[in-house]
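Two complexes follow with subunit A in common, the first pairing it with subunit B and the second with subunit C.
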Partner chain A sequence: MIIQKNIKKICLTLLFSLFFAAVPPALLAKYDYIDITNPFIRKIPMGIPLLKTFSKNYQEPMMAKKTADLISETLEFTGYFKILDRSAFLESPQKSGITATNIKFKNWTSIGTELLITGGLLIKGDKIEMELRLYDTFKQQLLTGKRYKGKTKDYRRIVRRFCSRVIFKLTNNKGFFNSKIAFVSTGTGNKEIYICDFDGYNPKKITNSKNITLSPAWSSDGKWLAYTSYMRKHPDLYIKNLISRHGTIVAKKGINSSPAWVPGKFELSATFSFTGDQEIHLLTGKGKFIKKLTENRGIDSSPSWSPDGKMFAFVSKRSGTPQIYIKNLITGNVIRLTFNGKYNTQPSWAPCGNKIAYSAMTRQGIDIYVVGVDGNNLTRLTTNKGNNESPSWSPDGSLITFCSTRKGSVSRIYIMTAYGTDQRQLLSLPGQQTSPAWSPEIMNN
Partner chain B sequence: MAQISKKVDESKADQLARAFDRLESKVKETEASESTSNRQSAPSGGKQTFQILDLYRVEVAYHIKKNWAFSKQMAGGNTSSLSVELAFKVLPGGEIVDIWFDKRSGNTYLDDSARKAVMKSNPVLPHPEKMGRPFVIIGLRFTDKGLE
Partner chain C sequence: MYKKIRIFFLLFMAIPGLILTASCTKKPVLSEQADMPQYQDDAYDSDTSKSTDIEESGLYDAERLAQKTAIQEAKENFLNENIYFGFDKASLSMTAQEKLMIKASWMQNNPAASIIIEGHCDERGTTEYNIALGDRRAEKVKSFMMELGVDDSRIQTVSYGEERPADSGHNEDAWQLNRRARFTPYIDGF
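Then we have the complex of A and B:
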């Protein structure tokens, strides 16, 4: 009887404690919620200390700094991160180590670091071995890590691969670290097309027209570039393979301009005036005409394709002033997209598919706007800073490149986030730079 | 950028102003209810404790807001319709001892960012004198509505 009573008591106590353990604290006390509706920090604080060196090779300390700096620059370029000042660090991986068991995460969280990249390197002759790791400091968790082997001169490529890995891990998006930007520069005294890496590194001249070359456009595999050139004293359309350097010239009577490749196909559209009116035509990558895409009195030009290739935006004067329209190739319907202002041109369809960037001329000058494909959410991205033109999206849609005369009357290439923040000059070259075109991600870059 | 920082400043001011407005109206409500129905049973200094407690909560919330780092792009785009509700206990010395989610947003990144903001802010301000409580529970609702 006594035993039974005791068992009953124990069971009741257990039930009672289980009930309180299971009840969320929220039910134990009433409280109101205070609303916090705007993040104070729009970038994620990230710590990137110098890499740990493993041998006494004199090159290692220099390479440890060079690599850490390049990782910082590359990731900072995305606009997602605030790279913390190394002088604030309480711990050095050189002394503590680079793995989770050696890292005192409290040393990083206490200075506000949310993400930490540690790494080590070993140089033997002209070969380098590098191990890089990304940690969530609050969860004390390794998010991704990789060991790379290569030539010392390949360190930039290794860093970009790791950074792509970091971005993929954090955003589930491949990023743009393997992309390039084509643009027009007058550095030689003529308008020629150049190509540089996404961050402005390694600019190279790829045309030698000794005349005017305009409107570079990338194929969706990044292997072809189409552009207009006056090399033969006439605005012809050039379609060039960037590897073999071979290609086609389309030289119809009148204008052959503003090419735009159809996503996923070896086809492109461009503006031609051989019919007497500027219309947009579709042609193969070999320059064979497929069909006319627009049919209207007045100028139709500057096509930009939707990511699925079923629609394209273009500029038309059919309503009297240059405005942006969208043509649906399935239904054949054309709708007017822009109504604000009297001069809206240079549409660039975002890779996400639901937005279009364009440039608009107002009394204050030319500025870049973004609008939803349904015409809603019109946003001005540049303001009161010279003329801002020729927007082109990064392959992941997070950044936009454009040209601007904000520093005097000379046009330069700039970058900003898709929200218009973090506007900065991409590169500094002799002459003027215009018409930037961002490539897709290029494999085996 | 100047426009954005201005926007951030304005929104910061708006937030606090709204919080204090809410606080003021709450105090008025309490005053009204105390003066009508509960005058006899109201503890001495009750209104003052209430004000101190709510002011303390707002101060802590502001401190945490300053540590909230959130990137819309990393959250996967448009998160403005999402919100996460969490709460935590603060001991008299300001130490945060417990953090729990009352309502998750469905976006892990947003939930994590809110939790990290609280963790980064630990310890917060100590309880004001005369509060006389073993702990204070503070509930926060994080919503990204800025910079659309």
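Then we have the complex of A and C:
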């Protein structure tokens, strides 16, 4: 047992020294903990011991575990970290202390921990105080530390806020811990739209169409949701304010479908066929038509906007099969993006990195691919596991949510990294779940 | 003379009545016409003697039933017979066109009927694209019927994409049945 542990230790130390030898010193100086060009190849080992309790309140030990577990789950969700098993820890900050003066960093580096999160909590009545710190164990340095005060029932929000802080410190990006995922579920017997937190927590039904409801799309401030509903026995476009629950119904003759909001504006595009042909139009958030964005006989559908709002990707059948095209609104040029296969649809423009995810149908089924906006670096992200559809990016572009029928031909929502690794089911609900749409970071969460 | 006028009157009433049965059963004229055969039968009764043992029964009811059944069948055929499409196609095959010609003439014989054409797709492919494809299918069928003289105002379309399959199977047989245009009454003047 001891020998095994020692071997493990030696291996890990060796691995770490190798890793650090390989990283140029300039990068280390900038604290580039997570290499965003391909952050998932090597996960950073992180230690998250139980929080220290400060009073004799009976709730504290339970919360100390709950909080440490939630921090672990939340950070592990990103795909950047390997959360180390607590049974391997050589010291317990719960007893020895949670600040740099009390931590023996060697105890952590020797078991492979590169990042350490320590915390303490104090519960009084229904209020909680929490201190959380992130350390670089090799540098023996505090990277970020915060004290939070709030209601005990809000511990989840506190944890998420701290985790956002951790991700910001390590990636210089705001992350996605304040984001939500909208999706369609058949749990009631009808397709209705639900919204849950980014990690699948707290799913809530938000439509009551008692009919088919499809294609949820978030506005870039996260306050509005557009979708198609057959509530009035016809595919109409609903534009709904998620706070006031009010909104507009656009019910043109023909289809009113596949909405996509323009980043940073109270404007959206969607597919309509009232002109006699399926074309993408631009309209205000109040449902007033601004202009037609495509002009071509045959289907044009499923717009997805570039982050700067100057271009959009869409599906067109102009070449005979559904393929993805990009229209530049400044020049008016349209270029074809996909050439492989006969059925490429559902473009989803990444929030950063000039990439577009889409779904492609082959003989084996439907799979998700990513391609550069210039048509280069085509990568297949899902393989031989049922149909994989509806890719949608996390607001920081690090993850993709999608739906898949890989388990028992029942469609469920899944998450994977932008490179196709760490594929896992997001949540379990009755019925089938499809069309996930990842929201932007929603402030005041 | 009086009799002649009466026969003439009867014919005058009966002929359009017969035509009307073929087209529409809800017109008020029809209720008057429904009384006619009895009157006719009575007239026959008065002419025949009761002494013979010849059995006799009216043919009108059977005829009317057959006619009614034929009308009902034509209506059911109209509603139940779908138009099918190839994968990712909205074009009409020869068979589809022949079926639509029959449907268009039914529409012309039933001027009070208004219909909804539903466009459907198989489960392959993706939700949003299939909504657009279903729309194209329904519109294609509508415009073909309009070319055959059916008025625009009598046909509505709605696309269901892949949302309402006729067959829930996951194989080519099911997909074939699901790529369809389906006909439903809009105003039941049927």
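By our rule, the second predicted complex is superposed on the first by the 403 of 445 C-alpha atoms of A that agree within 3 Å, B and C clash if a C-alpha of one lies under 4 Å from a C-alpha of the other, contacts with A are read in each partner's own complex, and residues count from 1 in each chain.
The criterion applied here is as follows: contacts are C-beta pairs under 8 Å (C-beta built on N, C-alpha and C of every residue); 3 or more make two chains touch, one makes a residue touch a chain.
None of the values given here were measured: they were computed from a predicted structure.
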>> One more residue to check, A:S215. First (subunit B), second (subunit C), both or neither?
In response: second
>> If we overlay the two complexes on their shared chain A, which of subunit B and subunit C does A:Y419 touch? Say first, second, both or neither.
In response: first
> Now for A:I44: first (subunit B), second (subunit C), both, or neither, which partner does it touch?
Replying inline: first
> Regarding the shared-chain residue A:S359, is it in contact with subunit B (first), subunit C (second), both, or neither?
Replying inline: second
>> Which partner chains sit in contact with A:T321 here, subunit B, subunit C, both or neither? Use first/second/both/neither.
In response: second
>> Using the touch definition from the top, list the residues of subunit C that touch subunit A in their complex.
In response: 88, 124-129, 131-133, 135-136, 139, 157-161, 163-164, 170
> Which residues of subunit A touch subunit B in their complex?
Replying inline: 24-26, 29, 31-45, 78-80, 82, 109, 112, 114, 138-139, 170-172, 352, 377, 379, 383, 398, 417-419, 421-423
> Which bits of subunit A are touching subunit C when the two form their complex?
Replying inline: 191, 212, 214-215, 228, 230, 233-235, 254-255, 257-258, 271, 273, 276, 278, 299, 301-302, 315, 321-322, 342-343, 345-346, 359, 361, 366, 389-390, 409, 434-435
>> Residue numbers of subunit B touching subunit A in their complex, please.
In response: 1, 3-4, 8, 11-12, 15, 18-19, 57-58, 61, 64-74, 76-77, 85, 87, 89, 98, 100, 102, 112-113, 115-116, 119-120, 137-148
